[in-house]
Amino acid sequence: MKLFDNFYNMKVGIVDLTQLSSEVIPLDEQIIAEKIGGAAVNEDLFKQYEDDTPLIIGVGPLTGSFAPASCLAVATFLSPRFGNLCHVPLILRAGPEMKFSGIDFLVIKGAASSPRILHIDKGTIRILSAEHLIGVDIPEALPTLKKEMTHPRSILLTGPAADNGAPGASVSTGFNGSLDKAGLAFLMASKNLKGVIFNGTDGLPFAEGNLKHNETIERKLFADEGHKNDGFLSMLDKIGIEENLKGIIKKAKWRNMACYHCPFPCMSSVKFKWLDPRKNSRIEDNLFLSDHLGFLALAKKRGKDVFPLLESCHRFGLDPVAVAEKLPESGSLLESLNAIEEMSVTPGKSEPHHIGEGPREMHKLFGDAIPPILPDELWKERVWLSMILGVCPIFLIRFPQISEFDLYKFLTKNEYDLNILKERIRFILEN
Amino acid sequence: MQKQTNEQNNIITLEDLRPRPEEKKTFSDYFMPRLHPGILFDPEKCTGCGTCEMVCSLRNISKVAPASASIKVLRDEISVKNFAILCQHCRKPLCIEACPTRAIEKGEDGIVRINKLFCVACGLCTMACPEAAPLQDPITGEINKCDLCEGDPQCVKYCPSGALTLTKGKSIRWIKGLRWSVQTISFLLLAVILIGTFCSLKAGALSLSCPAGVLQNIASSGTVVLVWVLSTFFIIGLTILAGRFFCGWICPFGFFLDLVDKITPKKIGLPSFLKSRMAKYGILAGAVAGSCAFGSQVFCPICPIGSICRSYGAAGTLNGANMGIVAGLAGLEIAERRVWCRYFCPVGAILALFAKIGLIKIVIGANQCKKFSCVQCAEVCPMGIIDANKLREGISPDIPMTECITCMRCIDRCPYGAAKIRFRWQKAVPGNIEL
Amino acid sequence: MADGKDRIAEARRSSGAQSCVECGRCVAVCPMAEMYTNFSIEMSPRGIIKKALTGNNIITDENIWYCTECNAGTDVCPQGVSCRDLIRALREIAIEEKAVENLKYCTRCGKQFLSIPAKNFVFERLREEPSNVLEILELCPSCRREIYMLRNT
C-alpha cells in the first residue's frame, strides 16, 4: 500500500539454521495492506512457515519513526512455557536497528548443529559461529562480541542459563534484561541460536511532518503529566508497591533510561552498594532496570536484597519471576546467590509458573511481562494496537490519553486513509 | 601536481592557493573577547533515547538514520552510563591543523565547519580529534561533523530530558570589576590613608593584625598576649571561610603586583630550583626562629606588604628604603605572575595553612568544562595552579586551596559555567581514568 | 607465491582495476598530494593501479601504505574503478602473504586503524601539542570516545 512506502524496507529475511543458509526476499504488499504490521503480520508469517517451528521477529510501520517510544520489535513463537502462540515485545533498540539494517521481518526456522549467532547489517544476514560464547556470563560475553563486530548497535543474547537448558532462561538485550517471560531463550537454545545482532546503518525517509506531530503529542503529555518523571519508580507506583519496599529501594541512586525516542522513560539505572558475601567486601554496582513485574516479584520475596539478586539474574540470563518462585523466603544473601547459580546450571522442562493466581489468556498471549495497569478490555486493545503499529506497549498503557488516531496520523493525514486504517485494525482485533 | 617535473621555486601548493587566515586580534577583542558557542552535555540527565541522533541525521541526509548523525550516543551497558560525543568547536581546533585539503575553518561566529567543496572524506580530522568527533557516514562515506545547525541546534531543541544545552559562550566578567575596586579601596585605606597599618590596625577598641607579625612577636618576646592572638582572628576567620581571599582581594602588595603584571605581559620564567611552593613555609619558620633568636621581629622590617604600607608617610613623605624593597620584590614579576605570593610570602604561608582546613574549594566541573578545547581558566590563573595539560587530557584537575588566592579569575572567565566554588565536602568531579 | 598472484588477480577484478584508462582524475583529488612531500607517481592511485595491473611485486611495494582510504578517487573515476578496494585488498594480501605491514595499532584495544605514513603526517601537523594530547591520539577513535566518556561521567 502506498501508505507504507516510507515506513518499511519491504524486505523479509529468511534464515534456515539447519541448512545454515539465509536469503532476503521482498515483502508481500498484500500482507501489509491487510495486516498493517507487527504482531499481525508475524502471525501470518508464522502460519506460513509453521512446519519448521519458526521464530518470527518483526517490526511495525511506526517503528523507528518519530512516533513517541517507537522502539518495538515483536518476537512471535510457540511458547515453551505456555504452549500457545505468543507475542513478546522486544524493547530498547531492537526494532529500529532491525529496520535500519534493511529487514522488516525475520523468519528463523530449523535448528543448527552447533551454536550460532546471527549478524544483520546493510540488508545482509550472516550466520556466525558462537562456540566461544557458550557458558559465558553475559557481562563477559558482551565485550567479546562488541570487539569482534566493531560495536554493533543492538545485541539480543541468551545467557548461560539457556545454554544449560534451565527452565527460567530469558533472553537479554545487552546486559539489560528484557520482557521475555515466555521462554524465548529456551526456544532459541533448542535451535542452538545464541543471539541476534542488529547493526542499523541505514535509515528511512519518514514523512517530514511527523516531527511536528510528535511535538504536539509530547506537549500534550507534558501538560498532563508534568515534567517530573521517576522512570522505573513511577511505573512501580502505578502497579502498586508497598511502602516499606519503597523506603528500601529509595536508598540507591537512580537515573532514568529511555528506549528509542521515548520522552517518558519507564526504565532506570540504579547505583547501589552491597556487601558481597562471596568476596566479603563492600562493592558498588550498576544495574539497568526494565522489567517491572520481575523486580516486584524479587522484592516481595527478598526485600532489600533485590538489587544484587537481580544482577545475578541478568548475569545468567534468567527470568526474575521464575527465580523469585524458587528462592527461599528466609536465609542469607549468600544462600540466595548460590541458589540462583544452581538454577542457571540445572536443566529442566520449561513449565508454567505464575505470579499470583496465574496469568490469564490475554497476558499469556503477550508473554506475561506487560504490567496490568488498565482494565482488561482497554489493556487488550491498547497492547494489540501497540504490537501492530510498532510502538512500545508500556508507553501506550501508561498514557491512554494518546488516541489511536494520534498514532495513525503519523502514517497519513488523509481522512479517508485514516478511516481505512481504523477499520483494518478493528478487524484484526476482532479475530 | 607532479612535483618532480617542476622547479623548486615554481611549485604551487595549497599554501599559495588558499592561504591560512591570520589569527587577527582586533581592538575590540581586548574588551570583549570573541564568543565561542558550543553545546554542553549533562550526562546526569541523558536517558540514552537517541532522539538527538534522529533529528541530526534528518538534517544531514533527510532520513532518520542514527548512524548518519553528527552526534553519537555511547551507551555503556556494564556501568550503565550514556554519553554524547559531538564536536566541541574548540578554540584551537586540532582538526583544522590536520586536514590536508584545508577544508575545515573556524568562522567569525566561532563555529568550526567542514566545507564540503574541499572535503575528500579522508577521515584525518577524526584521527586528529581527541574526541574523534567527526563521524564517517557508513552509507555515503562523507564526514558528518556538528555545525551547530548554523546557530539553532536541533538536538538541543528536541532532547526530551534537557541534557543538551546551547551556550553562546558569554562569561561573567563582573567579578573583575568588583575585585579591582576592592583592591583599590583596600590599597588606599591600608597604604595611604591609614598609614603603615596592615601590620596592626587599630579601629577604636578593635584591633586587627597580621598573623605572621603576631607569631614573630610571640617568638621574640616569649610571651603570648591574648589580645594579639585575638586580633588575628579576623583575617584567619576570613581565610577559613574563603581561602586566601586576603591575598587576592585585600593585600596591597598583591594589588601592586597585579598592576606590574599588566605592564609585563611577557614572562621569562624562573629557574626550577627556586620554584618550590614549600619555600614560603621555610621562610615563615626562619622568621619565627630568627625572631626567637634575636629577640625582635626579623621579617617584619623587610616584609613587602608592610613596606608598601609604610612607603607613604605622613605629610606626603615617601620612604625610599621601603619603596626599594617593594620595587625589588615586585621586579620578580618579570619571571612569573605573583612570584612572591607563590614561593616566598610567609603571610601567605600561614594563610595557606588555614586555607587547607577551609570551607570552600574551586572546582572545574567535568560536565560543563570543554576541556581540551578551551583551557582559558588555566591561562588566566595568576598562581598557575590549574593544570592545563590535565584539562587537555580531558581530566578535571585538582586545585590546591593552599595555593589558590580566590581571585576568581577562572570563574569569571569560564564561558560555560564549569569553574565554580563549592564547599569542601561537595563531590563535584569524577576521578581520573588511566589510558 | 602462486596463491598471492591469484589473490592479486581477484583484487584487480573485484575493484574494476582493469577498466582504468589512466585519465588521472583520481590523482587530482587525492589528498596524498598535500600530505607527503615525497608524493610521486608510484604513490598515486593511478600509479598503484598500473603497477597492480602489470603485476610486478606490488605486494612488497611500500607505496601501498600511504593511502588514507578516503575513496575520493572512486567518487570521481569515470570508469568506476575503486582504488580504495584495490589498496585494501593489496594490504590484506601483503599482511598475510609477506608478513609486511605498515599499520598503526591502537594502544588500548589492539585494533589497527590507520596506516603509519598517514599517522606520521597527522602527528607532524600536530607536533606543537603537549605530549598527553598526543598520547590520546595513539588510540583508535572508538577507544578515544570511550576514554572521554569514562573521564567525564
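Chains here go by letter, A, B and C, matching the order in which they are written, and residues are numbered from 1 within each.
Throughout what follows, contacts are C-beta pairs under 8 Å (C-beta built on N, C-alpha and C of every residue); 3 or more make two chains touch, one makes a residue touch a chain.
Bear in mind the structure is a predicted one, so any value in this text is a computation, not a measurement.
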{"item": "Most heavily contacting chain pair (counted by C-beta pairs in contact)", "value": "B-C"}
{"item": "From chain B, the most remote chain by mean C-alpha position", "value": "A"}
{"item": "Length of the line joining the C-alpha centres of chain A and chain C, rounded to whole Å", "value": "42"}
{"item": "Separation of chain A from chain B, taking each centre as the mean of its C-alpha atoms, in whole Å", "value": "48"}
{"item": "Multi-chain contact residues (two or more partners), chain A", "value": "none"}
{"item": "Set of chain C residues in contact with two or more other chains", "value": "142"}
{"item": "Residues of chain B whose C-beta touches two or more other chains", "value": "81"}
{"item": "Footprint of chain C on chain B - complex, ascending", "value": "1-4, 13-14, 43, 72, 74, 76, 81, 83, 85, 94, 97-98, 100-101, 120-124, 126-132, 141, 366-367, 371-372, 388-390, 392-395, 430, 432-433, 435"}
{"item": "Of all residues in chain A, those that touch chain B in their complex", "value": "64-66, 93, 96, 100, 122, 139, 142, 153, 174-176, 200-206, 211, 218, 231, 255-265, 269, 271, 286-288"}
{"item": "In the complex with chain A, residue positions of chain B that touch it", "value": "44, 47-51, 54-55, 57-58, 61-68, 77-82, 138-139, 158, 160-161"}
{"item": "Contact set on chain C toward chain B in their complex", "value": "27-35, 39-41, 68-72, 107-108, 113-114, 118-119, 121-122, 125-126, 129-130, 132-133, 135-137, 139, 141-142, 144-153"}
